[in-house]
Structures are given as C-alpha cells and as structure tokens.
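Got some structures for you, see below.
Next, two complexes with chain A in common: one pairs it with chain B, the other with chain C.
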Partner chain A sequence: MATPTISQTLVPGAFGPAVALSCRECGERYELGPKFACEFCFGPLEVAYEFGTVTREQIAAGPNNIWRYAPLLPVPADVASKPNLNPGFTKLVETRNLGRELGIKNLYVKDDSGNPTHSFKDRVVAIAVEAARNFGFTTLSCSSTGNLAGAVGAAAARAGLRSCVFIPSDLEAGKVVTAAAYGGELVAIEGNYDEVNRFCSELIGDPAGEGWGFVNVNLRPYYGEGSKTLAYEIAEQLGWRLPEQIVIPIASGSQLTKIDKGFRELIKLGLVEDTPYRVFGAQAEGCSPVSAAWKAGHDVIRPVKPDTIAKSLAIGNPADGPYVLDVCKRTGGAVEDVDDVRVVEAIKLLARTEGIFGETAGGVTVGCLKKLVETGQLDPAASTVVLNTGDGLKTLDAIEATTGATATIRPSLESFREAGLA
Partner chain B sequence: MTVSVRIPTILRTYTGGAAEVSADGATLAEVIESLEKSYPGIAARVLDDTGKLRRFVNVYVNDDDVRFAEGLATATPDGGNVSVIPAVAGGC
Partner chain C sequence: MATPTISQTLVPGAFGPAVALSCRECGERYELGPKFACEFCFGPLEVAYEFGTVTREQIAAGPNNIWRYAPLLPVPADVASKPNLNPGFTKLVETRNLGRELGIKNLYVKDDSGNPTHSFKDRVVAIAVEAARNFGFTTLSCSSTGNLAGAVGAAAARAGLRSCVFIPSDLEAGKVVTAAAYGGELVAIEGNYDEVNRFCSELIGDPAGEGWGFVNVNLRPYYGEGSKTLAYEIAEQLGWRLPEQIVIPIASGSQLTKIDKGFRELIKLGLVEDTPYRVFGAQAEGCSPVSAAWKAGHDVIRPVKPDTIAKSLAIGNPADGPYVLDVCKRTGGAVEDVDDVRVVEAIKLLARTEGIFGETAGGVTVGCLKKLVETGQLDPAASTVVLNTGDGLKTLDAIEATTGATATIRPSLESFREAGLA
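Then we have the complex of A and B:
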C-alpha cells in the first residue's frame, strides 16, 4: 500500500493546508502518505487540516473551477498552474417547474453533468491527480462503475500519466465507450463492482501494483476531499448560506459525508452563518443497504448483491455507509430508496421540467426527493438542493425502451394531421 | 485443515512482510486463532474487543464475503483461500 519513506521526500506545501492523515474511527494520526486504512483498526483515514484565514473575497478572486477553494483542499497553492481538467463551478439551477410540480418552494438542482467528463467524479480525481504527482506515481488507476473510469482516463491524459482502470464487464455501453476514448487501458472484469474493488485492493498489495496510484484506494483520503467542493459551491452560489435541506445519492456514501464535512468547515471558518441543514441520502431499491439499515434502525450495514439499472450507485458493500447513517441522524435527515421504474420516471421528470438530462443516479436522487416529499419526510417549505451527479447521455440504455420519436410521418401536412399532431 | 491466507499490506508487519501465509482451522474463527499463534497480535487487528470482525475489515473465504455466509463460523475447506482486505476502498 505505501512506501513508508515516501512522505519524507514531499515538497513543503505540496498538500497545502493538510497536515496529517487521521483515522475516523480511532483518531490515530499518520504522516501524509499514500495510505487509506488505519494500521490499528482498519478505519478510514481522512485528511486533517490546519486552515489559515480564508475569506469570501479571496475565494471570489480565484478561478471559476474548484481551485478557487484551494486553501481548503489538500493541494499546493499553485495547483491551478498544473495540467489538470480544472472541474467544478457547475450550475446551481433554480428550478421553477420541478419545484412547482413537487410542491417544493425553493428547489435547486446542482447539475454536475457540466463537468469535463460529465460527472462529479472530475472533482475527486482532480485532487487525486495532485496527490499522485506528489507521491511520484506514474500510473493512475481505479475501480469504477463507469464515470470514474472516464474521469481518471481523461485526467491522466491531461496530466501525462499512464492510466489503467478496472470496471465490471456489464456496464452501460455509453460508460465503456466514453471511458475508453481517452486512450488508457480499460480492463473489464467478470464480476460486480464489489468484486472489482476487491481485486484492486489485492493488486495494490502486490508487486504488480507498485507505483500505481489508485484514486479510490491508496489515494482515497485525498480523492474524497474533492467532494467537499460541491458543498463550497452550493453555499457560495446561494449567496454564502447553507441550504436547509439537501438530497444526495449514495454509492459508497463518501460524497454525502464529504458534503457534510464541507458545510461544517464553512461554518467553522466563519464563511457562512451556522444555520441548521438536513442531509438526505438516496439509493436505488435494488442496491439499498444504507437505506435498509436506516429504516431498520441499525448502525451496521449489511452488504447486498446489487440489482438495479442505477449502476453508478450499485455498490453493495458501501465503505462509508455507517458514516452516512451518522450524518443523516445528526442533521435530522433520512435515507430513502426508489425502485427502477421510479428512477426512469424521475429521469424523465427532471428532463421535461428543467431541461436537465440526468443519468440514472440523478433519477434515483430526484425520485427519492419526490418520495421524501410525498411521505412527509422532507419539508416542502424549506430551501432544498438536489444533486444531479452525471449525464443522461451515458445511460441511454435505461430509458431508450420508453423514450423515442413521438411519431414517424411522411413529410406532408396531411400526414402530420393524421398523426394527431396538429 | 490447512488454508492459505492473503495478508493485506498493513498487517504484513506481523508476518515479516509475507503477503501469503498458511494457517489451520475448520472455520474462519479457528484460522484466526491459528494465525494469532504464529503471528502474535494479529488477531486483535482483525477482531474488535468483543471478538467480532472489525467493521472495516472484509474477509473472503474462497472468494465469498463471509458476511454473506456464516461470519466467523464460515467453514474453511482444506486447501482453500482466505483473503483479509481493508473495507475502506472504492466508490465515492
């Protein structure tokens, strides 16, 4: 996993305000290095910071991408000058029609399909690339349900690194092609995501994986921090205030916990007022281990074997699941799930009401938003943000059976009228 | 019953750097006991204070996650493979 002496060769300031890795379970601290699990309890390692003074003005003067928040991330101060995809600062769309249809007064969609490879994964990979550079890794890798594979391939291409990524062999064609287009190696494994992930964990402990930076394994503590930028952007785009409610999809659960971390940091740094917010998690019914634990009142996640069209969320053994339960409980939120039929309906609902074509994960999140309102769990009078984390063009398979031309007619007015379109 | 156990990097300080070791036992619990005899201290890294598998450890017997089987009581067939892997990997 780690070359023990590697951190001794780090350039001062290579990780900006980050000072150590800290175990989220037992608090044990480690030097910054390519480590991801605590040597004592196997708990996840997180980046610990000593922030300097950060002002709204300083942030506003930065570039229109995630590097405007560089003083809050484990990256060097000159990060924006390095070859990177520079993702982020995607649109926060104030909805009119969707909010009205769902009966929610102030509803916003944070549309992360606007990132360079069309999903939020560009945010996390951008941070991981900087860490890979710092640690001297020459190959960038990951286990992926598709979006991450593309983000890693593209970021490696830009950074001049080799990439070799691993995906389950049954992914949507759109995900496979868009990931392969960047020219790195793309390896399909006969198994589900959890099996791919397990393979990567074994590869990393083997000489064959030496010199490899796995963005979501040995670089995971750094990588995960990229999701905090969603929280920073949402708050800044709302005029430096926190939303009262936010609905976030759950795969491993990392994104949800990091958005919460981002909000808390903004409060601590005095960048936003300390106002209460509720965090809601969204899963597909066919892969809902976190939702099942939430509803049963358990604090342990029982892994499941996924069966859902929302393949980007199909992680049956979610690493951050227990922490999702903690965040939702602490903030007064909840975890919900919807079946695949409602996922497809929600993709179409978001598209026809706001002109945003989300991928299946977006369908899960909007579907859960609708269900949370219908079941009275979410307050329709409170300001609410819902995340669309990816682009519908990558998951056309999910809706092509029920979406297509309204009619096929001859090029004549008569034919147009006959089809009942006039 | 002898099985082969894959050791994750963070536990290799106990096995003298070995990535794969042999252990005996008819169940996962017995295999861990056997590992402890050969490599004192290793069991406490994998099991919590109450003797259960730590929540961030995944253990596979012949490619099957023991949480889908009988946990520590999962049978470990002679000549089989046991893999111990940190759970905090993957996804986002």
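Then we have the complex of A and C:
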C-alpha cells in the first residue's frame, strides 16, 4: 500500500500538524477523512501527527482558550479567527478546604463547568466543527440525552452550520428544553436510546446522511483529540509540570486515554519534564464495567446495563475500556467506583468546601478520590488533580431529595433566635 | 468635620486605593466601614479612591480574572492570593450572525454566564467578601430568590465563611436546590419577598446580626464596585478602547451606573482615550419604572409592582433609578423596555445566532437592543456592546412552553424522509 497522503480536496494545512489517521489496533494508516474504523481489523482510528517545534512562549502568547494549543491539534493554524465557541482554559482551582478535609496536601480541581455550555463536551465538539468545515459537511449531528446535545447545538449555531440532534422521545421536559434552546433541529425518536443510536448508524450509511458530520461517529477521531487539551492546560497551569496523580471519570473511556496521550506528547516535545504520573479512572457503581474488569484483573470489559444517577457516564459498553485498563496499569494508577449515595455526598462536599457545584460526573470523581485515599490506593502527599467535567445546574434532580432549606422561620427575630441561628 | 481617616482597626492597605465612603447626594465623607447610608441626608454611600499610577502593562500582567484590576478596586493588593472564586474576565464575543441579523456592524456580547456561578453577581459578591474579611465579619448573608443566593453560597464556601441566605418559604423547588447546593444556612421565611427583606433590615439593626455582612445592604458600597470590572474588561478586550454604545439591564440600576463610573475612571487614568460613549438601559415592560420615567421625561421614578418573567430584574422601586436617568441623559443614550414575548424571542435569537443561552435578563437586553435599532435610537454603524448577565439554565421555565423537539419520528429512514429532514 502506498504511503497515505492528505486528500487533494483538502486545503493545505487544514488539519495543522495532523498527517494521517492510524488504526489503534493494527497500525494501518489512512489519509485524513471522515473515517472512524479500520477497514482491516475494525479497530478505532486515531489522529497521527508530525509536530513541528512548539515552545511554551508560543503557547503562552496564544488566546485564553484551547486554540493556544492549535499546533498540537488537528486544526488549521488560523482556527482562532473562525467562528466557534472558544472553549477551554478553564480554571485549575487550588483547593483549600477540600484538600484539608480529605487529607490531600496539593489537591487541584480542574473545573470544566466553566466552558461555554458548561461541560467538557465543548472541547471535543470544537475540534469536530473544524473537521466538519474541512470536509465540507453542512449539518452537525449527534445522539444525546444531555451535555453533548447542548454542545453541538451551540457550536453549530455559532459556526453557522445546521445542527440536528437526535433524542429518545420520552426524555424529561427540562432536558428537551436545554437541548432545543439553540434552535437547531431536535428530532425525537420513538424508541429508547439504543434505538436512537441504531437509527443514527443507519443514517450515516445512507445517501440521506450525506454531508452530515456525526461528531462522535464519523468525526470521532478528530472529536476525541479535544480531550488532550485538558492535559495541556493542567500541565501549563501547574507551571509546566505534570501532576503526580490525576482522577478522571470514565464514560466511553476516551477522555482518560486522550489525557494520557496529551501528557506523553508534552514530554516528547520537551514542554514538560518526564516525571511519573499515575492515572486513576472513576466510575459510578451502577455502571462500572471498567472498574469491575480492573478489580478482577481482566483485560476485556463485560458490558453492563447502566443504573446510576450519573447519566453522563452511563455507557454500559465503553469503547475505550481496554485502553483505559492499559493506561492505569502502565502508570501505576487504578480504577475505582462509588455508589450513588456517595456520588451525592461528593457533589455536596465539593460545593461546600470550594464553592464548585459539579455535575453527577464530578460527584463520581470526587467520591472516587475520597475512596482512593481511604483505601490507600492514592498517595495523599503527592500532587493530585481531580476533574469536574460538568455543571450541577444540569443534574439538580440528583441532589433535590436531600438538599433544601436548613430552617423555616416566621419573619421575626424571636423566631430567628428560637431556631438557633443567632 | 475633621478629614476622615481609615479606621485604626483596619490593616493598612486593606482596601487598596479606597480612602473613604462619600455620600452620593451631599458629598459628606465617612471613614471606610460597614455603612451604606448618609447620616445627614440618607443618600447612598459610595467608595472614594485615590488612585496611584496604573498602566495597561501592569493590568495585562495580572491574573485572568477581576483581580487584574485590583489597583482600581477596594481590595488589598494581594487579593488574588486569598481564597475566593476569582470571577470575571468573561468572554467578549464578537458576534457574526446576530450583528448581521440585526443590521449592526460591530456588535459584541459581553457574556457573564461564564462566571463561576454563571451570573455577574460573582463579581459584586467577590468584592463584598473582601470587605467582610476586612471588617472581621464571619457570616455572609443576603436575601435572594435567584442568582445572588448561589453567588453568596459559593463565595462563602470557598472563602471559609459561614453563609446564611434568606428566601421566601414558597420558592420553587428547583431554585431552593440551586440556592442550597453550597451547603450554607438557607433559611425559609414564612412570608413574601418584602417580608423577607423587612426581616433582614431588622436583623442588621439587632445584636443578633453582629458580625453579619449582608452583601447588598451593609456591604453595599463595596459590593457595587464589582460592576466596574465589566467596564474595565470591555475596554481592555476592545483593545483599550471604549465602545461607542452599550446596552445594560436595569434591576436596581447600580450595574449601569458603575459601568459608567468604570469608563470615566479609565479615561481619567489615561488608560483609554476620552471618546464619547452612549449608555442604554434595558427593562422588561412588566417592570419598567425607569423606562417609563425616561419616556415621560421625569426625574423621579414611580415604583411599580413587577409582573415579568425576567425575575432577576424585577425590582419595582430601583434605588439607583434616578442616577440611571442621569447617565443615559449625559451620554446621549436612552432607556427602553420590551414585553415578555419579545424577551423570549430574544433569548432564542441570541442562542440561535451565537450559541449563547442567556437568562431572561439577557433576553431583555438583546430584545431592547433590537427595538433600539428598529426605532432609530441606536446607531447600527457604531460599535456596540450588549450585556448577557446570566445563564439560560437558571430560567428554563421562561422558554419551556415554546421550545421543544422540532420533529418526532419513528426510528426509520422512511420516517426520517417523510418528516422532510433529509
């Protein structure tokens, strides 16, 4: 087979330093295109790069968003001048109260609720938008019941692309409104989430789906690269150092593997010292196939039927599960899970100690962090980063039953004193 | 009366460049303290400064939050090292589609939904927290049914202060959960919002309220200064230029007057050129006492009973209303209002065109902007900034009735084609 070249139809430099897609399983290479699976072994494709020289100064001079890392992403050099939501460069919060309460010396929360639609999905969708533009796609699409729907709707609106989001028709009213707010097509499918996804796969293979970019299907190799920016930002915000430990939620597992990829790239490029880091994966007990495999010492993931309040992590058959196991093993980390009661406690703990109101996924990571310390798996003396990937405003129902007024009084000082509030 | 001096109990430099409180009405000066009304004329007190030299370079070298402007605020020079939420430096979005649709050439949205608790209230509360620390207050408090409750709860949690937020006991469950999420005291008062406020006033005057900082009452002079940071950021983000026109929502009117104050300070300090700017105030028709006074040519505001979906702006007797009229008159601006139907349309317009899902208050400003252009009051050829001060996730109910799935289909390509989606 001839060396793959970037398609003649693409503008030179359209994908920046990206030169090909390569199969994660067999290494087969393909030219950059809207492909996601290897034709030979069906393995997932990922972006391969030939990086030029990239310096800390060059990055620091860039914009306060993910495009400061454009030389490390499959995007054109002038990406920052195109209409997009400019996500990223969210706060890395040095904890005061949470670290003290958990007995961890140097604990940081990477708070991705600060993104434009308040979840890390804005990062991955932003890269997918650039790929869609490059391939001449006119409709940006996905199936989603939550964060991804908003991220796609908003990014498409700003970019001037049509959007079409598919949801199951029995979705709760509040989630429908959030998904519909950006005014794109929102198509309710009479069926459950699996049927929605099956339909989307059909559509991609049909002429009716021509010109459609499904961000996490035919644009997935590009989309996934957006998660690398979490690694870049954490390292830069720590003063160009890698953290010694990091706790990352697992849905498909892609985010965890891409953060690892980002750290390794920084080392390779000489942007950080090659210091050891341990990667920990976090799942909700009600959807913990990767944690179960880790604890059983298995290399394969047995799919489960999700049953947890952490809906944004509820993927029963996580595509990147085996790669997550590899990363956690290689780096000396672990995979842990916590039940829904602890997820709720952890959401409240993070809010009460640092003023960060996280999504259920943030409850999963903080809850697992606590458990990892308690069980001696995580070193409380080492610098540690925990991810909050979404916003508590989107999962109010998770804490509603246990959160409310602490006192009810009459409008008088007497009643105030009686309640012991003085 | 002797020249006022900063109280001996305060650490030198505790309030940075602030030197006194001065009465907005009669000019009487007071030493810096937890005071809010003039003892002689009952006029509102505001912070008076003696600024040192401040340069653009000095500001640019500061952190990516409001503390880059510490030399212009009543906070100590080392404020950025103290535990707080570090709000501000939110995006100034150069519109593409919205400007085109409204026929405005250079239109920018200052999007304050990017703040830690997703409203501009994080700015004002952050300054109040520093004042509370300076005065040795241990409880941070407010009455609120919305954004302020979350901002106070979160800021206090991070700062390690006790918080106590007062709400009417009949508040909707979702708002109670949002206010309670940060784990401080949340006291439901059996009564309406007026009764809650009356009780708070009683508490401030009682020994039971000793050590309590009510952010928008006894800390109000400091709190209000936080809104100046919107002016500083807009000017810096425009490349150290003032916009020619700006559209600002009116609740109490404080924010509008402080943005004007901020622009004038920048001119005085030589940080921007002294170019003319026109300030436009925006209200919802169902609570438009300032707009009504403006249109009638009155100098006084006649209080109204609010009836609008824009709850965060529903102040029927706006304390700073007369000052708003002054600013709009002096700068050649205007005050406008729009009905709730147009508020909803404007929320959707902003989301559909720029991917920004704003609160009802954002619907009010964008709706008024549209009306101001249509009625020829605003020059579409001049550079214009419109404020979005909060997040659509907090006011989903406003658009729920008119926002939903655009199509419902069976999970088949046939049904997809029938719906005209291909």
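Some notes on this structure:
Quick note on the criterion: the second predicted complex is superposed on the first by the 391 of 422 C-alpha atoms of A that agree within 3 Å, B and C clash if a C-alpha of one lies under 4 Å from a C-alpha of the other, contacts with A are read in each partner's own complex, and residues count from 1 in each chain.
Quick note on the criterion: a contact is a pair of C-beta atoms (placed from the backbone, for glycine too) under 8 Å apart; a residue touches a chain by one contact, two chains touch by 3 or more.
This one's a predicted model, so the numbers in the text were calculated from it and none came from an experiment.
When the shared chain is aligned, chain C comes close enough to touch A:Phe357, but chain B does not.
Touch criterion met: A:Val300 reaches chain B, while chain C stays clear of it. In the superposed pair of complexes, A:Asn97 makes contact with chain C only, with no contact to chain B. Greater residue coverage of chain A by touch, when chain B is weighed against chain C, goes to C.
Within the superposed three-chain model, A:Asn317 lies in touch with chain B and out of touch with chain C [touch as defined at top].
In the overlay built on the shared chain, the residue A:Pro44 is in contact with chain B alone; chain C does not reach it. Looking at the shared chain after the overlay, A:Glu57 reaches neither chain B nor chain C. Using the contact criterion defined above for the overlaid structures, shared-chain residue A:Glu202 touches chain B and also reaches chain C. When both complexes are aligned on chain A by C-alpha atoms, chain A residues 198, 202, 206 touch chain B in the first and chain C in the second. If you check the complex, the residues on chain B that touch chain A are 6, 8-10, 13, 19, 45, 48, 54-58, 60, 65, 67-68, 83, 85-92.
On the side of chain C, the complex with chain A involves touching residues 64, 83, 85-86, 89, 91, 96-97, 114, 116-118, 150, 153-158, 160, 164, 167, 169, 173-174, 176-178, 180-183, 185-191, 195-196, 198-199, 202-203, 206, 208, 347-348, 351-357, 391-394, 396, 399-400, 403-413, 416-417, 419, 421-422. Chain A makes touch with chain B in their complex at residues 1-2, 25, 35-45, 120-121, 124, 143, 148, 193-194, 197-198, 200-202, 204-206, 214, 216-217, 220, 223-224, 227, 251-255, 300, 302-303, 305, 315, 317-320, 322.
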